[in-house]
Amino acid sequence: MSNPLLDVKDLVVQFKSSAATVNAVNGVNFSLNKKETIGIVGESGSGKSVTATAIMRLIPSPPGKIADGQIKFQDKDLVALTDKEMRQVRGNEIAMIFQDPMTSLNPVFTVGNQIVEAIRTHKDISKKDAKTEAIEMLKVVGIPEPTKRIDMYPHEFSGGMRQRVMIAIALSCNPKLLIADEPTTALDVTVQAQILELMKDLQEKNDTSIIMITHDLGVVWEMCDKVIVMYAGSTVESGTVEQIYANPKHPYTWGLLESQITSDIASEQELQTIPGSPPDLRRPVPGCSFSSRCPFAKDICHKEKPEVIEVEEGHRVSCHFQTKTNQLERKEGVFVE
Amino acid sequence: MGKYIFRRFLDLIPTLFVVATIVFIITRLIPGNPAAVMLGPTASVEDIEKLTAQLGLNDSYIVQFLNYLKGVIQGDFGMSLSYNQPVTTLILERFPNTLILAISALSIALLIGIPAGMIAASKQNSFVDYIVMLVSLVGVSMPIFWLGVMLVLYFSVNLGWLPATGMGSLDDGIVPFIKHLILPSIALATIPMATFARITRSSMLEVVSKEYIKTARAKGVREFIVITKHALKNALTPILTVLGMQVSGLLGGAVLTETIFSWPGMGRLIVDAIEKRDFVVVQGTVLFIAIIFVLINLLVDILYKVVNPRVNYESKGGEK
Amino acid sequence: ACGGSEESTNNNDDSTQQPGEPREGGVLKIGLAANPQTLDPVKYTGVYESQVMRLVADTLVVYSKDLQEIEPSLATEWSVSDDLLVYTFKLRDDVYFQPGEYQDGRQMTAEDVKYSLERSANESVMNRLRGVTKVEVVDEFTVDVHLESPNAALFAVLTDAGNIIVPKEEVEGWGDDFGANLIGTGPFSIKNWQRDQQVDLERQDKYWGQKPLLDGVQLKVIADTNMMTNALRSGDIDIAMDVKGQNRELVKQDDKLELLTVPALSITYLDLNNMTGPTEDVKVREAIYKATNVDEIVLGANQWGGAERSYLPLPPGSWGYDKELEELVPTFNPEAAKALLTEAGYPDGFATELYVLESRVPYATIFQNQMKENLNIDVEIKVVEWGTYSDTVSKGNAPINIGGWSWYPDPYFFLYQLFHTDQIDALGNGKGYNNPEVDKLLNQALAETAVQEERAELYKEAMKLILNDFSRIELDAQESTAGINQKVQGFDVSPDNSIQIVHPNGTNVWLSE
Amino acid sequence: MNKPIMEVQGLKKHFPIADTVPFKSSKMAVKAVDGIDFDLYKGETFGIVGESGCGKSTLARLINQLITPTSGTVNFNGVDLAKLSQKEIRSARKSIQMVFQNPDASLDPRKKIDYLISEPLKIHNIGTKEERKQKVVDLLSTVGMSAYHAERYPHEFSGGQKQRINIARALALNPDVVICDEPVSALDVSIQAQVINLLKRLQKEFDLTYIFISHDLNVVRYICDRIAVMYLGRIVEIGTFDQIYQNPKHPYTKALLSAIPKESPFDKKERTVLNGDLPSPVNPPNGCHFHTRCPFAMEKCKQESPILQSVNQGHSVSCFLHE
Amino acid sequence: MQKAELHIQEELPKEAGFFKKLLKNKLAAIGLFILTSMVIVALFAPLIATHEPNSMNLVNTLSPPGTDGHILGTDNYGRDLFSRLVYGTQISLIVGVSAVLFGAVFGTFLGLVAGYFGGKIDSIIMRTMDGLFAFPFILLAITLMTVLGQGLVNVIIAIGIANIPEFARIVRGQVLSVKEEEFIEVTRSLGATHSRILFAHVLPNSFAPLIVYGTMSVAGAIISEAALSFLGLGVQPPTASWGSILKDGKDFLVLNPQMATFSGFAILITVLGINLFGDGLRDALDPKMKV
């Protein structure tokens, strides 16, 4: 296999405030090949969006900064690029769909204007052509009557429509890497299916790689080749979708999978959850960050950081229970050695 | 919007009525008999009495007021007591001069102030930022009479580059005309310029941390465009407000600058009229200025809406 | 006594007239301190307007350079009837009006004089020809001016710009707009008037007097006095009138410029209210006078010169002035003052108010300081603008005020309006000075004789009484000043602040470059 | 479940468009909500699903009287909300709380979380300062956050955290009816489960009524008693969750259900995507709004609008196929 | 609902409060320092001044700085310039700050109400402001002088009133965009009254331009005070104020610039202090700005 398209190593992102430093991302590792789709799942607030924003080098600074780590993209270390060089990368090579479609669209420009701008930033075409293209884009993402809608302002759009506009902007650049932060949360399932289809097509056509941040595990199963699971700022487990689904190794992953609402859960049944709450990111935890909520936690879990272990080809996990020789397995909600 | 604009035009009527009434009352309230004031120190008792009668100032206030209103409704602002000319003529003579000076000063203020504010904001807490701040504050702390005289001392008296006073006439060619315009415009521009710079900076700072700025950057848009297009348009509301105020202020006449540079504008007309107790001119000019202000603010309100499509003048907060 | 004294003599004859033949051509630029509003002789009120009017039109007679005598202008000679009621004037027969909209430069005749003077007598806002009942045309170039009662000040009045001779056609043709389109018989005619900005005058070729050397005159309105000097220094203008304060020094220091000064007909005084308040008591007034160090005030208010202490309610340049009377003025004596005040019943002083215009604040501030120090009188200064000032003072509502007065050299124009009971409701006698004997003397001096010496004697008597009543404190007599560029030749500053460019008294200004 | 706590009748909201450009106005309008009737019963969870942009959020705002309807009424406990005075409507809002779709924009960026969450309590004068403080901490923990979060500002939170803050705020007043507009879409599954458990528990405890807008059909199925399916501003089908999921009648409902994403990577099911041009609410197609994309469309569907008709006990559908 | 733990396990340093944040901002601290110094100078003027501020010496006028123990020289009456500036601090600070506050308080209120309620209310308030703004300042001042008479309070009122329309405009403009934000709608949905929405949410989000404009206006107010004094409204001679010293100094600008220069400098420093402080205030109010 050739070099990966994107290789994130030991990424640390901090937000400083007068009182403390928030380690929003604290050791994220993953790599992504050409035309591959990776899903990032994990606790809300675990640093998924921050990781994505860090790849774009758009962490608001101050107070935030990339404190450590490497983001290798096509042999360039994005962390080390100058602002100007980074601008060449943004939009052109890496595009991002932001999580919050309402606040991510500029309220004072029409959506058409914003799409046209994206197109014209990277393509040398006339305004008129760009507009035609923008209308096409809107149609592609399923906005009805795009010729009319293109001259409307974001606040006149519904949540899902705004999200689709964001998608249209990101896709209009034909990027090599598309980072989609919760791209379909506000979409109904039929439109969602359509959008995901669209992303796949794009991937086929342009060999695009995709980072898909989502809470909808269904989307992950459908779209992704690989998954990383994040908890409290770090990757706790990563592997192919099949590995993660069939053979999750980290107790947090188990909790996550079990909390899923599936069609076979009856209304009367209480949903499974992970009790407790995640650690305060301002306070470095000596041991495993999940230890306070882990039903299996032993002494060592509270004291030492677990190492990253490759349990099978491409399947990595960082948990004291998982060693090369001694592995826990999930079976019907309990663990066996 | 069309309906709104129409309604705003209708607003002019009560506004003007109220303004007219208040000016009338005020001019009668303040001490000073126009006849005595106009005739100067050496006037004798008889002279004053005679002129008072001639000017119709012996009529009862009600009669005076009704006559005045009648005139205004017919578009007649009356005859100046001291100039012996229709107020409309006086205003039309001076207003273009004021307009020229105002446009020129505002252009300077905008062209320097806004970019300076933008640069300061994009380099917050840097050396450039501090310089912009310091210069702006020097700008507002410097009284115009001081600055004006300094400019003249340096550029006219010492260097002899520019004329010290007067407006010049276009008949003498465009170059002398512009030369006359430079110093008063600079003197007049300092405070607006400083205000623009500071307001722009603060407003930009509010905006640059917004998510959509991130989006623009993520698109790969050049930083220059991010700042000048995406951030600026969102930051424009307070700038427009200030612009509207400055335009109003300048069109109402810049007394100090006009006096120092002998610029024949509205400001001096008004102040002369007040000092001379030329009530008719005072009433006329105040009404005229009120009309201008209402129109300028209408324009500003339209611009608010152009800049920010969410602006809604009819609804209460939080209602759609 | 003050810094400017070495300059205070009229010395322009030796210093400005550089060797060389008068040269023709050029436009002289003069700064005008305010904007002329109307040039209609019956409507004008300001000195700035008369400055322009005098360049455009002529009066029957003019004052001599030193303002001591009356000289011919449009009238060549005149006589007075024995009853002092009819004045006969012989007119020049070579005078032509400037061509205008409604006439094409016709000759001026007695009819025009009749028209102009009667118009003034009937319509003038300032009543500048008071007492004239009618003007009779005797022949084409002779008129009789009939008076209601004897008026010795008639000649002074006739020199007023309000009594210039204008053509009827133009006055009636323009109607209200005549004030903007003045036509006269003067050396210059109005070419262009940009309101609030400048008036361009051009030479009048058919002028009856000596041919103007200048092509034209440009009068530029410069309201700010400091800027007036700056404009002079930068060459924007050639003559700046009324240079005051530090600007005098600036003009003197500049090699290209020159400061011309001459004692003016302008005095500054401090009125004490004679009708109400503590100052109603003549003892209090005397105490205040004695406690006032006038020299100090004059010095402090005129640091760069430009004024002399004055003693009498007349400018020293007036023919009514009598140095002997200066003896009657109390000398500065705080102790005596204090005693007087105690006697009057104010051992601990009192509180009072002083109304003053902004330009005279220095006088007020120093006076205030002296009152506090010498008599423990608390003077609250009220700086007000002109409208409020004139209203307050003429209504007699100002306990103390500081004012200034400048008019014709005839004492009538000072003493009558400042001290006659008639004028108690006007600004001049807002202090409410009331002395029947003075009234009588003032009336006599006006109506009973036209002989200057006799009149001077009467005025002297009146002033004696006035000084005895301590009705007000005389502060200073101002100079008339002008800053000029050295290329301006033949220009004299006039004590009455008029601008004389080409004048029957022989003036004909020219530019050396 | 006899007497409805809320009755919605003939509710319409048309947003005029083209007002954005001065001097240009047109008669066109976005028919965001175009005639909606339903009853809401105490203690139930009423789900609303439908295409994005079909007017769900607008409907939610209308119910709360945040926007004035073009026509139609909302009766709450027998009172027409539109007829209430300002003051009365304010206290009515105490009983009808709402979680907005947009977690970020819903939080005043200049206020700390404790202020935001305790604000409804302050507004309605509930509790002492101390009590309110405790309540904030309680609410934070019920939505899976911690006390220390109270001291922070909204921009310091992730999308999901903001969503939880919004939920906490809506619950602060112990309302009778909570309108939840996509309350859990930004949450990871475990928090989602936590929140849903909480909502259910609260419902049991306080007999709460929910209007639950969501795109996640599994969640809707799990939590809702009755479900309304909306399409272009109208309800096309309404019924209990069993009726809708087991026996969908309307072609759009069927399409929706068939588009539920996979449940595992090994699931081989293909999602069906609706074909045809998406109609616009500005210019909705004549007749049945869905006919342009309906595989069973008949001539009649293009001409006439079907009305919502009962096909079963509590199950109504607006489709000519089921007349 | 279960009770949650109120206390946090181990005390982290508390998030800097508003004032701490303000002070941590270096520039704001400098601003505050300048202002405090000014206030101290004003309060303790008699102790700081080297001379009696009104005592004249007419033979030693306009002497340059350093002459005869006059640190900054003397004015045109031979009064000690330094002492006059020190005493002038009182008037100028009071007038500058109070007049702006007066205008800001009323203007902000009117602007808030106008922008927020819109429609008729907006029309009435803003047209009144237009009318008020159209009145020449001098006319306004003479009128107030006539009606209210002399005095410091009236000076403040006059300048304050003239400032009202500007503040109203600024605030209204800001409110027009803020009121459309979604969180305003959300707050309404909680049952909040209009006044609560206005003062707790709209106002804080409209603050920034207000602070900037307000702090800038102080300079104008200090200078205007002097302009009023010649209409009889301002403080009257011999009372010292920076504005009046500056204005008197303009007649000696060329040869004896010390009066205009030092008084202008005093104004500049004060305005600088106020602006630095204002910027700090703005930053401290903006949660996104971290120190």
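A, B, C, D and E are the chain letters, set down in written order, and residue numbers restart from 1 in every chain.
By definition in this document, a residue touches a chain if its C-beta (ideal position, glycine included) is under 8 Å from a C-beta of that chain, and two chains touch if they have at least 3 such contacts.
Treat the numbers as computed from the prediction; the structure is a model and nothing was measured.
Minimum number of contact steps separating subunit A from subunit B: 1.
Across the assembly, the mean Cα position most removed from that of subunit D is the one of C. Of the two chain pairs examined here, B-C and C-E, the one linked by more C-beta pairs in contact is B-C. Work out the mean CA point of subunit C and of subunit E, and you get 46 Å between them.
Each chain gets one centre point, the mean of its Cα atoms, and the points for subunit B and subunit E are 22 Å apart. For the pair subunit C and subunit D, the distance between C-alpha centroids works out to 88 Å. Annotation: 27 Å between the Cα-based centres of subunit A and subunit D. Shared interface positions of subunit B, defined as residues touching 2 or more other chains, are 30-31, 145, 149, 153, 209, 211, 274, 308-310, 318-320. Shown for subunit D are the residues that touch two or more other chains, namely 20, 61, 66, 102, 104-105, 141, 146, 148, 155.
Shared contact sites, meaning residues of subunit C that touch two or more other chains, fall at 226, 385, 387-388. Taken together, the subunit D residues at the contact with subunit A in this complex read 15, 17, 20, 30, 49-53, 55, 57-58, 101-105, 141, 144-146, 148, 156-161, 163-164, 182, 185-194, 196-197, 200, 215-219, 221-223, 241, 255-256, 259-267, 271-274, 277-283. Across the complex, subunit D is touched by residues 15, 22, 41-46, 48-50, 99-100, 102-103, 142-145, 148-149, 152-153, 156-161, 163-164, 182, 185-194, 197, 215-219, 221-222, 241-242, 245-246, 255-256, 259-263, 265, 267, 270-274, 277, 280, 282 of subunit A.
Considering their complex, residues 61, 64, 66, 90-94, 97-98, 100, 102, 105-112, 119-120, 123-124, 133-134, 137-142, 146-148, 151-153, 155, 169, 173, 202 of subunit D touch subunit E. Contact residues of subunit B toward subunit C in the complex are 30-33, 36-48, 50-51, 54, 79, 82-85, 90, 93-94, 145, 148-149, 152-153, 156-157, 160, 163-167, 169, 259-262, 264-265, 268-269, 272, 274-277.
Across the interface of their complex, subunit B is touched by residues 35, 37-38, 40, 43, 45-46, 125-127, 176-177, 179-180, 194-198, 220-224, 226-227, 230-231, 233-236, 385-388, 390-392, 394, 403-405, 407, 413, 417, 422-423, 425-428 of subunit C.
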